Amino acid sequence: MKAIDWITQVLEMAVALAAAPAFLGWLNQCRAWLQNRRAPSLWLPYRNLRKLFHKEAVIAENASPLFRVAPYVVFGTMVLAAGIIPSMGTRLPLVVSADAIALVGLFAAARMFMTLAAMDVGTAFGTLGARREMMVGFLAEPALLMVIFVASLISSSTALPVITGHLASGHLGLSPSLAFSAVAFILVLLAENARIPVDNPATHLELTMIHEAMVLEYSARHLALMEWAAQLKLFNYVCIGFALFFPWGVAVGRFGPEQLLVAIPALAVKLAAAGFALALIETISAKMRVMRIPEFLGTAFLFAVLGLLVHVLLRA
Amino acid sequence: MTHLPLGQQLLDTCAALLLLLSFAMLSQRRVVTLVNLYAVQGAVLAAATLLLAWRTGEEHLYVSAALTLVLKVAFLPWLLHRLIRRLGVYWDTEPLLKVSGTMLVGLVIVVFAFSLAQPITRLASTDTRSAIGIAVSVVLLAFLMMITRRKAMSQVVGFLSMENGVFFGAMSASYGMPMVVELGVALDVLVAVLVLGVFFFQIRERFDSLDLHHLETLKERD
Amino acid sequence: MELALLLGFPVLGAALLGLTGAHRRAPEINAALSLATFLASCALTVQVIRHGNLLLGDEQFFIDPFNVFLVALTAFVGLTTALFSRPYMRVELEHGRLTPGRLRLYHSMYQLFMFTMLLALTTNNMGLMWVAMEGATLSTVLLVTLYRTPESLEAGWKYFILCGVGIAQALFGTILLYVAAEKALGAQGVTALLWTHLDAVKTQLEPTVLALAFVFLLIGYGTKVGLVPLHSWLPDAHAEGPTPISAVLSGLLLNVALYAVVRSKVLVEGSLHSRLPSVLLMGFGLVSVVLASLLLWRQRDIKRLFAYSSIEHMGIATFAFGMGGPIANFAALLHMTVHSLTKSSIFFTAGHASQKAGTQVMEHIRGLITLSPTVGWGLMLGSLAILGVPPFGVFTSEFLILTTAMREQPWATPILLAALAVAFAGIFSKVQPMVFGETNGRRLPHAPALLPVFAHLAIVLMLGLYIPPYLAHWYRAAAHLIGGG
Amino acid sequence: MLWLPHPVITTSPSLLTGCVALLCGWVLVGLAGLLRPGSVRFAGRTLFTLGAVLGLGLAALAGASLLSGGIERLTLPVGLPELPLHLRLDPLSSLFLLLLGASSFGISVFAGGYFREGEGALPGLLCLQYHLFLASMGGVLLANDAYGFLVAWEVMALSSYFLVTTQHRIPEIRRAGFLYLLMAHVGALCLLLCFGVLQGGSWLFTFHAMRAAHLSPGWAAVAFLLALVGFGAKAGLVPLHVWLPEAHPAAPSPVSALMSGVMLKTAVYGMLRVGLDLLGRPVWWWGLAPLILGLFTVFYGVLFAAVQTDMKRLLAYSSVENIGIVFAGIGLTIVFAGSGMKAVAALALLATLYHCLNHSFMKSLLFLGTGSVLHATGERNLGRLGGLIHRMPWVAWLTLIGTLAIAGLPPLNGFVSEWLLLQSFLFAGRLPHPFVNLLIPMGMALLVLAAALAGYVMVKFYGIIFLGQPREASLVRAHDCGLLERFGLLWLALGCLALGLFPLQVIRALGAVTGQLIGAVVPQGSPHWWLLAPVPARPVSYGPLVFLTATVAVVLLTALVVRLTYRQRVRRGPAWDCGFGAVTARMQDTAEGFGQPIRHLFQPFFEIERELPEPADREPRYRIAIRERIWRLIYEPISGAVGRLANTAARVQQGRISVYLLYSFATLLLLLAVALIS
C-alpha cells in the first residue's frame, strides 16, 4: 500500500462528494436544452443543499430514533460506495475488504434503511413509497449483481478494480455477453435512480412517485443528506458503468500521480457524455405506470442472465 | 368291481351314499328333513366305521363307531329337532343360489375334490383310500351348503355335516385318529352344539327369528 | 410339576368360579388364580432356561423356548387383564349392563379360555392343539355375546361360524399330516401326531400331501389369526365383546393361532423343497396389512379401530415369519410380544374411555386428557407405541422387519411403507381428538385401573430401549427353532 | 450369525463422555420439572435457566472437539441385543452440537422468562418435553448407529409434537400437530428403509459398517433418494414442507425458535452424514436433485413469506427459504465432489455449513422477538401491530439486527454465507457436464433474486411490526420484555454480529468438517487475520471488520460535520403527509398491501381467494386468503385416493356371513389349486 493509493482513495470520495450535485445539475441542464427549456444553473443542486442545511428541521412526533439515524447511514453508505468504485484509479485500499457483491450489499443496506425510515412515521405516502422502492429493489439488485457477475466471470474476480483493470487492459473488444449486460445495466441505472421512465424526480404525483414519497417527511438537514445521497447514488452508478464498460482513462496497475492527473479529466469527459446520454433517454421516453415497472426490470434481469448464459456458451 | 371283497363293496357303497346324502342336503330346503338327512348321514358313517372296524380289527374304531352312533345319530338330531320345535323354524327361505345352480357348482367341486385327493390316495395305505376323494367332497359340499343357506339352523347342519366329512376322511385315510384326539373332537362337537343351542335362544329372544339377514348390521360398507 | 400347576390352576379356577361365581369376591379370586398361573409359568420358564427343552406327560407336552415365552406372555397378560377387569366389570355391573349370573359365566369362561390357550401352547400333539384351539373359540364365543345386544349376538354368531368352519379345515389338515406322518414313521397311533416326532422326520414327509395339509392348516388357524380375507369375524368380535375379552382375544388368542401356523410351517418347510409356505405367509401378511390399514380410515368405533390395527400387526408378523431367517423370525417374535402388550393396554384405556363416555363411538369421546390425565396419556402413548413410534418396542421389531425386507424382499417395502403411513394417518387422526381438545364431560367418578396399562407400556418402552440379554438369547433360540440358519 | 460384534476404538472419549453427561443432565432437568409441575418459578425460571447453562457447557465441549478435530467413539450397553448404542463425536457432529448448544443457550434463557401462567399445559410438563427435545437432538447428532439415530430422531419429533400441541384446545393447532407428526413419521420410515439399504447385507447397523459396505450404484442411488425424502421432509424441502408453516406458528415461540433454528439443522446434518459420509464417494448427478429442489424451495419459500399476514408464518416460510439455500449448497457440494473438484466442493460445503450456523442464530432471534411481541400484545396478525419500537425498544433494536442479518446485508452474518455460496457458484469452473454448466448460472440468478426478495420480506416484517403508528389502540399498553428475555435476545444478536465480523476464525473451525467430508479445506489466500480470501488463485476478498469500521467512521464523520456546521434546532411537529391533516393509523399500508406487488407478479404460484368491498358498503372490509397450490396439486389427490381406496376396501367387509364364508371357501380352493400345481 503506497501513499498514492490512499490519496486515490480519499480523492475518489472527495470528487464524488463534490461532483455528484454538479452531475445532476448537468443532467438537468441537458434535459432542459433537449426539451427547449431555459436550463437551470449548473449549481442549483448546491444551492438547494445549502438552503436545506440552514433550515430548521421539523420531525413528526411519532418518529423513532431510526428516522433520525437513517439519513446519516444512507449518506455514509453512498460515500463509502464511492470509495469502492474505481472511478479514477484501481489500487484502492478499501477494495480488498469490499468487493462488488459487498458493494451491492451496501446499496441494499442504504435502500433498507431508507424504506424503514419511510415506514417509520406511518403516513400513507411513506409506506407506499417504501413498498414501491422495495418492488424496484428486489428486481434491480439481482440484475445489477448479474451484470457484475458477467464481468467478473470474464476477469475471474468479484473485486471491481480487478475487473476494471482486466477490461482496461484492452485486448478483448466488447464481448456479446458484455453487450447484453450493458443494456441491462442502463435499465437498472434508470430504475435505481428514480429517473424517467421509472420515476419522475420532478413531480410529487402520488400515483407515480417512488423516491420522493419516501423522503416526504424529511426536512432541512435530513432532507439535504437524503438528496445528496441520491445524487451520490446516481454518480456511483454512472461510475460503475464506466468501470465495467468504459474503463478508459482509469489509472490501472501501479500508477503514479501523472496517470491520476490523466484520470480526472477523463472522468469529467465521460461524465459529461453520460449525462447527455441519460438526458436523451429521459427525453425520448415517457413515464410508465407503476405496475409496468416490474416488467421493465424483469427485462433487465433477463438480459443480465442472458449475458451470463452467453458467456458460458461462448466459453464452452 | 365284482372281484372286490364284499366288505370293500359295502364300504364303497357307504361312501357313495354319503356323497349322495350331502347332495340331497345341498338341495333340501325343509329344515326338518335336513336334520333327518344329517341323522342318516351319521348312521351311514357309523355303519362304515363298524364295517371298517370289523375288517381291520382296530378296536378303537368300535369306540368311535359307538361315539358316532350316540352323538350324531341319536343325540344331536334329537337336540336339533327339539330346537326346531321350540323355535318353530321349519322352512329355510329361498337359498341365495338357485338349487340347480348349486348342484352344478357342487359337481364341479366334486371333480376338484377328486383331483385333490389323488396324491393323498397314492400315499395312504388303507384299502379304503379310494373313499378319500368322497370325504373331501363331502367337506367342500357342506361348505357350499353353509354359504348358500340363510337360516342359522341349516347353517349349523351344514357345519355338522362338514365335521362328518372330516371324520370320514380321517377314517378312510388312516383308520381314524388317535383315541385322545377322537375324544377331544367329539367333545368339542358336543359342546359346540350345546353352545349353539344357547345361541339360538339368545338370537331368538332378540330377533324372534333365526333368519340370518338380521345378522348383517356389523359392516364397513355403508 | 410346574406344567401341572400351570394347567391345573385355570381348570380349578374355571370349576370354582363356575360353581361359586356369584360370590362378590369372584373378581379377586379370578385375579388370584391368574397370579398363581403366572407364577407357575415363571417357574416353568426358569426350568426351560435352566435345563433346556422339556418333554412331559409321556411326550404329550413339549416345552421349548418358542412356546415357553408365549406361555409366559399369555400368563402375564392374563394376569394383568384379570387385574383390569376387576374394577372394570364391577362398573359394568353397576351400569346394569351385566347380571351377576353373566358375570359368573364371564369369570369361569375366562379361566377356561386361559386353560385352552395354555394347552394349545404346551401340547406336543397336533391333534390336541386343534382340540384346544377349538376349545378356545367355544369358551370365548359366549363371552363375546355377554351383553346380549343384537350387535354382540351377530358378532358372536359370525365368530362362531367362521372360526368353526375354519377350524374344521384345520382338523382336516391335521389328518393329512397324520397320514403323511404314519407313512414316514410307520408307527401307528398317538406318536404320529407328536410334533417332536414329526419334526424329526419332516424331511421324509410326502411333499404334495404336506402342501395340501399346510393349506388346510393355514386356512384353519389363519382364520383365527385374522389373516385377510379370513378375518371377517375379528373386528366384530373384538368390538362387541366386553373390553377384557377384546384385550385377551387381540393380545393372546391371535398369538396362539399364529403360533400354531408357524409350528405347521416349520414342518411343511422341512419336507417341501419349494418356498410355497413362505410365499403364502408373505402374501397373506401383505394383504392383511394393506386392507387393514385402509379400513382403519373408516372406523367410528374405538374398539373396532384397534381390532383392525390388530389385523394389521398380525399381518406384519406373518410377513416377517414368511421372510424367515434369523433376524426376521426374531423380529416377528418380538413383534408378537410387544403387540400383545401394547394392544391389550390400549384396549384397557379404550375400555375406560368408552365406559366414561358411555359410548364406543369416537366422535363422542373428547378431551380425555382433561377428564382423566392417566387415561388420556395412556391412550396417547399406547397408540403412538402401536404405530411404531420409538422409543417403544413396536418400533424395534418394525425396524428389524423393514430393514430385512429392504434386503430380502425389496418389492414389498413400498407396499409396507405406504400401508404403515396410511395406518398412521388413520389411527392418529382419530386418537388425537379423543385425547386432546375441548370436552364438556365430568372427571371420572372412579379411579381407573391403570396399573396394567402402565406396566405394559413400561415393558414395551424397555423393550424399545434395552432388551435384556437372557430375553434376547431366549428370542434368538426361538427364532432358531423356527428355522433360521 | 446374527449381528457380528465389531471392534470399537475408544480413544479416551473425554469430550464425548462430557457431552453424553450433559444430555443426560438435560433429561434430568426435564424430569425435575415433574417434581413441582405447577410452579412457574421453579419449573419455568429455575430449571430453564439451568438447562441453558448445560447448553452453554455443551457448546464449549463441542467447540473444543471441533478445534481439536479428533474423533471419539463410545458404546453404551443399551439398544438392540447385538447392537449397543454407538456414539461418535467427530467434527461434523461437534459442529452441529455447537450450534445446538449455543443457540439453545439463548433460547432457554429466553424461555425461562417466557413461560407464565395460563400457557395451556403445565410448566413442569413443558419443561420435560422441552428438555427431552433438546436431549434427543443431541442424541441424533451423537448417534453412530442406525437404531440409536432413528430412536433419537423420532423422540425429537415426538417431544416437539407435544410442544407444538401445547394449546391443544385450538383445532388449527391440533391439525398442525397431526400434520407435523404424520410427515415426521413418514420421513422416518423412509430413513429406516434408507438405512436398510445402507447396511448392505452385513447385519451391522453401525455407521462404521455402513461406510465399509459396498453398494451397487443402483442401490446407492436408492439410498440417497430415500435419505433426501426422509431428511427433506424434516427440513421442509418443497413439496414436503407443508407441515412447517402450520407447526412453527402453532408452537410457543421458544419452541418455534428451537424447531426452526436447530431442529431443521439436524435434518441437514443427517443429509450430510448420509450423502457425504456414509455413502462414501457420491456420484455427481445425485447432487442435481437437492440442487434443483433446493433452488425451487428458496424461491417458493420467499414468495410465500412475502404474502403472509401472520408474523410467525412469515418467519416459517422464511425458514423454508433458508433451508432451500442450504440444500442447494449441499447439491452443489455433491456435484463438485462427484466431479472431483475438491477445492470448490469444500467452498460450497463451507458456505452451506456457515449458513446453517447463521440461520440458527438469526431465525431464533427473530422468533423470540415475535414471542415477546406476542406476549406484550397478544397479537400475531401483522394487520393489528405497529409502532412497537416506541413501546418495546429492547426487542425492536435487537430484532433489527436479526432482520438486517437475515436480509443478507453486510457486515452481518447472513451476508457472509451468501457471499461464500455465490463465490462457489461463480468459480465453479468448468464442469464436465454441459447441462449443469448452464444450470449453475440460472441457479445463481435465482439465488440472488431470492436474496433480494428476502430483503423485501424483512422490510415488511420489521416495518409493519415495529414502525409506523400502532394499528390497534390496545398496543399502547404493550410493555418491553423482561430481563431474562432481553438476555436471550442479546446473546443471539451478539452471535449474529460475531459470525458476521469474524468469518475467518469460524472458517478455520469449519475446516475440520470440510476436511472430514470432502478431504479438502478452504485455503486462506491472505496473510491478514481480518481478511477473508477463500478462493485460491483468484483475487477475491472480503473484510467485514474493515467494512464495518469504514461505514461507522464515515457515518460518524458525517454526523460530526453536520453537527459542527449546523446551528438550527430540531422541532417536533405533526406528520406532514403532503399537508393532509387527519393522518390515522388505518392509512398506513397493511401487510396485505405490502405483499400486493409480489402477489400481482407471481400470481400463478398462489391460490388466492379475495373478498372485495362493495362500493356502497357501510363499513367496507377487504379479506384475502392465500393457499398453496401444492395442497390441491399433491396432497388432496393423495388423501382423496386413499379415501376412495378405503371405500373400495370397505366393500369387502359387507356384513353378510355367507359372503364371508365364500371368501374362506374361495381362498381355500385357490390355495389348494396352487398347492397342487406347485
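We just call them A, B, C and D in the order they show up, numbering each chain from 1.
As a convention for this text, a residue touches a chain if its C-beta (ideal position, glycine included) is under 8 Å from a C-beta of that chain, and two chains touch if they have at least 3 such contacts.
Everything numeric here is computed off the predicted structure, so don't read it as measured data.
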{"item": "Least hop count linking chain A to chain C through chains in contact", "value": "2"}
{"item": "Higher-contact pair (C-beta pairs counted), B-D versus C-D", "value": "C-D"}
{"item": "Farthest chain relative to chain A (centres taken as mean CA coordinates)", "value": "B"}
{"item": "Chain B-chain D separation of Cα centroids, rounded to whole Å", "value": "70"}
{"item": "Separation of chain A from chain B, taking each centre as the mean of its C-alpha atoms, in whole Å", "value": "101"}
{"item": "Inter-chain centre distance, chain C versus chain D - centres from mean C-alpha coordinates, in Å", "value": "43"}
{"item": "Approximate Å spacing (C-alpha centroids) for the pair chain B, chain C", "value": "31"}
{"item": "Numbers and ranges of chain A residues touching at least 2 other chains", "value": "none"}
{"item": "Contacts with two or more other chains, residues of chain C listed in rising order", "value": "157-158, 161, 165, 169, 208, 212, 235, 295, 298"}
{"item": "Multi-chain contact residues (two or more partners), chain D", "value": "649-650, 652-653, 657, 661, 664, 668, 672, 676"}
{"item": "Contact pairs between chains, per stated definition", "value": "A-D, B-C, B-D, C-D"}
{"item": "Touching residues on chain C, where the partner in the complex is chain D", "value": "157-158, 161-162, 165-166, 169, 208, 211-212, 214-216, 218-219, 223, 229-230, 232-233, 235, 274, 276, 280, 291, 294-295, 297-298, 326-327, 330, 369, 384, 387, 389-391, 395-396, 398-400, 402-407, 413, 417, 420-422, 424-425, 428-429, 432-433, 436-438, 464-467, 469, 472, 475-476, 485"}
{"item": "Touch list for chain C against partner chain B, complex", "value": "125, 127-128, 130-131, 134-135, 138, 141-142, 145, 148, 150-151, 153-158, 160-161, 164-165, 168-169, 171-172, 174-176, 178-180, 182-183, 189-190, 192-193, 206, 208-209, 212, 235-236, 239-240, 295, 298"}
{"item": "Residue ranges of chain B touching chain C (in the complex, touch as defined)", "value": "116, 119-120, 123-125, 136, 139, 143, 146, 152, 155, 159, 162-163, 166, 169-170, 173-174, 177-181, 184-185, 187-188, 191-192, 195-196, 198-199, 202-203, 206-207, 214-218, 220"}
{"item": "Of all residues in chain D, those that touch chain C in their complex", "value": "1-2, 77-82, 146-147, 150-151, 153-155, 157-158, 165, 168-169, 171, 174, 177-178, 181-182, 185-186, 189-190, 192-193, 195-197, 199, 201, 203, 205, 642-643, 645-647, 649-650, 652-653, 657, 660-661, 663-664, 667-668, 671-672, 674-676, 678"}
{"item": "Footprint of chain D on chain A - complex, ascending", "value": "53-62, 64, 66, 72-73, 75-77, 79-80, 83, 94, 96-99, 101-102, 105-106, 108-109, 111-112, 115-116, 119-125, 127-128, 130-132, 134-135, 137-139, 141-142, 145-146, 149, 152-153, 156-159, 162, 204, 206, 216-217, 219-221, 225, 291, 294, 301, 304-305, 308-309, 312-313, 316"}
